[in-house]
Amino acid sequence: MIGFYHVYKQYVKESYAIYDINLSIEKGEFYFLTGASGAGKTTLLKLIYKEELPTKGQILIDSVNINLIPRKKLYKLRRKIGIVFQDFKLLYNRTVYENIAIPLVVRGYRKSYIDKMVKNSLSLVGLNHRKNYITSHISGGEQQRVAIARAIAGNPIIIIADEPTGNLDTELSIEILKIFEKINNNGITVLIATHDNNLIRMFSKKTIELKQGKLISSPTKEKQQWIY
Amino acid sequence: MIGFYHVYKQYVKESYAIYDINLSIEKGEFYFLTGASGAGKTTLLKLIYKEELPTKGQILIDSVNINLIPRKKLYKLRRKIGIVFQDFKLLYNRTVYENIAIPLVVRGYRKSYIDKMVKNSLSLVGLNHRKNYITSHISGGEQQRVAIARAIAGNPIIIIADEPTGNLDTELSIEILKIFEKINNNGITVLIATHDNNLIRMFSKKTIELKQGKLISSPTKEKQQWIY
Amino acid sequence: MDLLKKSLSNAINNILRNKLINFLCLGIISFTLLTLGIFNYISYNLEIFTHNFSKNIEAIFYFKNDVKEKEIKAQISKIRKSLLVDEVIYKSRDEAETSFLSQFPELKYILTEFDKSPFPSSIEIKFKQEESNLTTKIISFIEDIEGSDIIESKQVNIDWAKKVLYIKKFISITGIFLSGILFFVSVFIIYNVIKLNIIYRKEEINILQLVGATDWYIKFPFIIEGALMGLLGGIIAGILLIILIKLIPSYSDFIINILKDIISLKKIPLKILIRLLFFGTIIGLISSLFSLKKFFKK
Amino acid sequence: MDLLKKSLSNAINNILRNKLINFLCLGIISFTLLTLGIFNYISYNLEIFTHNFSKNIEAIFYFKNDVKEKEIKAQISKIRKSLLVDEVIYKSRDEAETSFLSQFPELKYILTEFDKSPFPSSIEIKFKQEESNLTTKIISFIEDIEGSDIIESKQVNIDWAKKVLYIKKFISITGIFLSGILFFVSVFIIYNVIKLNIIYRKEEINILQLVGATDWYIKFPFIIEGALMGLLGGIIAGILLIILIKLIPSYSDFIINILKDIISLKKIPLKILIRLLFFGTIIGLISSLFSLKKFFKK
């Protein structure tokens, strides 16, 4: 599904945010991505949806080398991936409904279908009662759930979530992760960056761990080494 | 230090974000504020630094009824309080240094003094190596630490932090809370909103719990009832 | 089609949402277009003016004394064939004498001394007015006839026509030049305003890109918005132009006389320049104080 | 003082940071001030014009035939006392005759028929030029002398002076009126631009307020910025004004002649209005396409 081959990322000279990463993420699986603050989790995710370009190395998604995707076709990649951003990236002056509908509107779906999908996502994250609130008028945790609902709404084949429970209490975190599990059961690949070791322990999924940009543990490490 | 007397807050009709809260926060103590997502934690904090006005009720800070502070004098209240915002509220196009210096610059301090204070705060949160980075170029957890450093820098008598560890891994969270503890040992009142029950358990401080805007447990509840 | 409809409603919404910036932009566009419009108006009126002028072009050709009737007849029929010509009036020598006498009967005694009419025979040509570009053609036509060796002399108000033609040419050239410059200026300005709009909505664009919008989906509202703003600017400029042109003539004499008196002096006193700086600063101060006041109200 | 310095550097930084919006704002301010400047310039020149005019005012008063020398002397000394008067030249009847003869010696035979000089005695008054508001005073002064019963008649170029005075008054009044309107327009525009700047930096202002900045600390940079923009606008307007005024006179005759011809026509063809809309739309389209292109480049 996702393959990293000797991927490096340098934002500034002499310092690597991502260093020689080889990684294979398999279709339909559920992964945690963990590591200390500044380890490179967000950077790794950004490389997947091509918000950042690798300094060196190749990244394959769905058998496509994303380095070779021209910017005109980039939207095709992005439509495959549902993203929950660490900083939410919501339109705070629009309603909750409008925010969740964006990926669907952008795909040109019919109003009635959009309505249905948004309602679905909203009830999954338990925010039906906030549907028509302006997004700046809801609490931090509620905003985070709106971000999750938006990522789910577009029917992606991969879901990437960057600290999706950072603003949620333990119970809600577990509930949200159960939602991700449910989505995963439908065959969607899930990759969640988190620093919450309790959650990782509780759900015992495959875990990828970064340390200062380097991969220090990965469920498919042996396989990786076999490739090269 | 901080007193709430029958405080109500309504953002929209028929729905209370804060409902009849009586609370007394004592000088030099360390409090956790907890409750589920949407329980009213952020709202309660906003009432303290007067970003929101209570719909009903009185709030006393340092023996001053903040309802009666005219907007021209509001800065005096704000200078007493160091705030870590849930959404950081950093200037992302400025450097880390500039962000932390803001509360000091605003108070009109000398450059050399500001330099010293910023350096202090930076090393407290472990970000000396990011001093001259543009704030949008550092990781989410690093940004959160910048927000903490800024709150500390201004030498406040009260520190309010809204989910200051939401983007940090467990180790770093503990470290940051130890910093808050150290600050508290110097006589500064600390009030931290968090949903991380592990942290609350680990540090065993006084805990204020909210549920749907109502106070359901408070270390000074008996006293409160005695007042009325 | 659906995208167009959505983009149009999006654009209108955006124009309404960012009222302030779009208000400014509209003002600038209107002003630029107004200048273009004024220029166009001047060109147009000059064209009418030169066209009207050709209406007045009448040429009289006097034949040499020894020219035969036959030659004259041939010349006249040749002239009649031209599409430019409306009417050709032939005056023989005798007719010329008769008409002279009818105007100045008291001078009859002078003419009695000649045994033959002393006036040359002549043709008077009146030109048609329908064709465009008439004046140029008429000028070359007249020069053509003049070249004929049976013509003694001509009398024609052609010099004025030539002058006007030159002016028209001059205006056309400077017009094209000026229009070009103004065009680039307005493109530059609107370009910057829309860039401002884009920067203003950078966050939104970024989000749209990240959730899989095509470039065109994002671009379209901006393009529609640009076009809409241009159109609105055009409408406003048109209205202003009409008002301006209806107003100016009432004050035209007054304005021109004053302009004349004033233009001849060309001293700018330092006082005025200093006053400009002073006023600028004061205006800036007052304005910023006002806008702050509103923002800092409770 | 320290705050002023910091605010100034802040303001300059902000102007440089938001180049685009401030560039637009500056353009608008400059244009407004330029208009104000042009008006001021016209007023100023009219003042000079009327002032220069008073230089040319010379009045000649002719005395009645039977007036005594003594009375004339008294009148002259009275006139001399006026601060307006530069020079008074008395011409007795004999002197008038002599000067007449020196100019027309061949007419001497006519004068021999009179036993006394047939010319009236007269005084010629030349007025000073230093004082402001001179013309009005001179007019009333002349009317005063004329009222005296020893004066037979006067000869003075006062009518023109009166006319110019009226024009000046008219210009002054419309000037005050127009300046007022323009002043409000520019305040309104800068007000909006600075409001735009404030909205643009709302987040920053909010943060500053939350970390304990005083209102003045936040307001000051904006005020300085407003004043600085106004000042810059004034400088630009001044430069433009100088250029404009140096340029116009070279083309003045040409411009005035064309203006005259054109103003008299007042037809706006639909063609021009449609062209405005079309151009507006095209300009908008091109501009938005351009600005998008830059943004969407990889």
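First chain written, first letter: the chains are A, B, C and D, and each begins at residue 1.
Note that a contact is a pair of C-beta atoms (placed from the backbone, for glycine too) under 8 Å apart; a residue touches a chain by one contact, two chains touch by 3 or more.
No experiment lies behind these values; they were computed from the predicted model shown.
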Touching chain sets, computed without chain A: one piece
Most distant chain from chain D, judged by the mean position of its C-alpha atoms: A
Intercentroid distance (Cα basis), chain D paired with chain C, Å: 30
Distance from chain D to chain B - Cα centre to Cα centre, in angstrom: 62
Whole-Å gap between the CA centroids of chain A and chain D: 69
Numbers and ranges of chain C residues touching at least 2 other chains: 215, 296
Multi-chain contact sites of chain A, meaning residues that touch two or more partners: 71
Topology of the chain contact graph, where touching chains are joined (line, ring, star, complete, other): ring
Each pair of chains that touches, named by its two labels: A-B, A-C, B-D, C-D
Chain D - residues contacting chain B, complex: 2-3, 203-204, 206-215, 217
Interfacial residue positions of chain B with respect to chain A in the complex: 11, 34-38, 41-42, 86-87, 137-142, 144-145, 162-163, 166-172, 195-198
Chain D-touching residues of chain B, taken from the complex the two chains share: 49, 51, 71-72, 74-76, 78-79, 83, 85, 89-91, 102-103, 106-108, 150, 154
Partner chain C, residues of chain D touching it in the complex: 20-21, 23-24, 27-29, 32-33, 36-37, 40-42, 44-46, 48-49, 167, 171, 183, 186-196, 198-200, 205, 215, 219, 222-223, 225-235, 237-238, 241-242, 245-246, 248-249, 252, 256, 258-269, 271-273, 275-292, 294-296
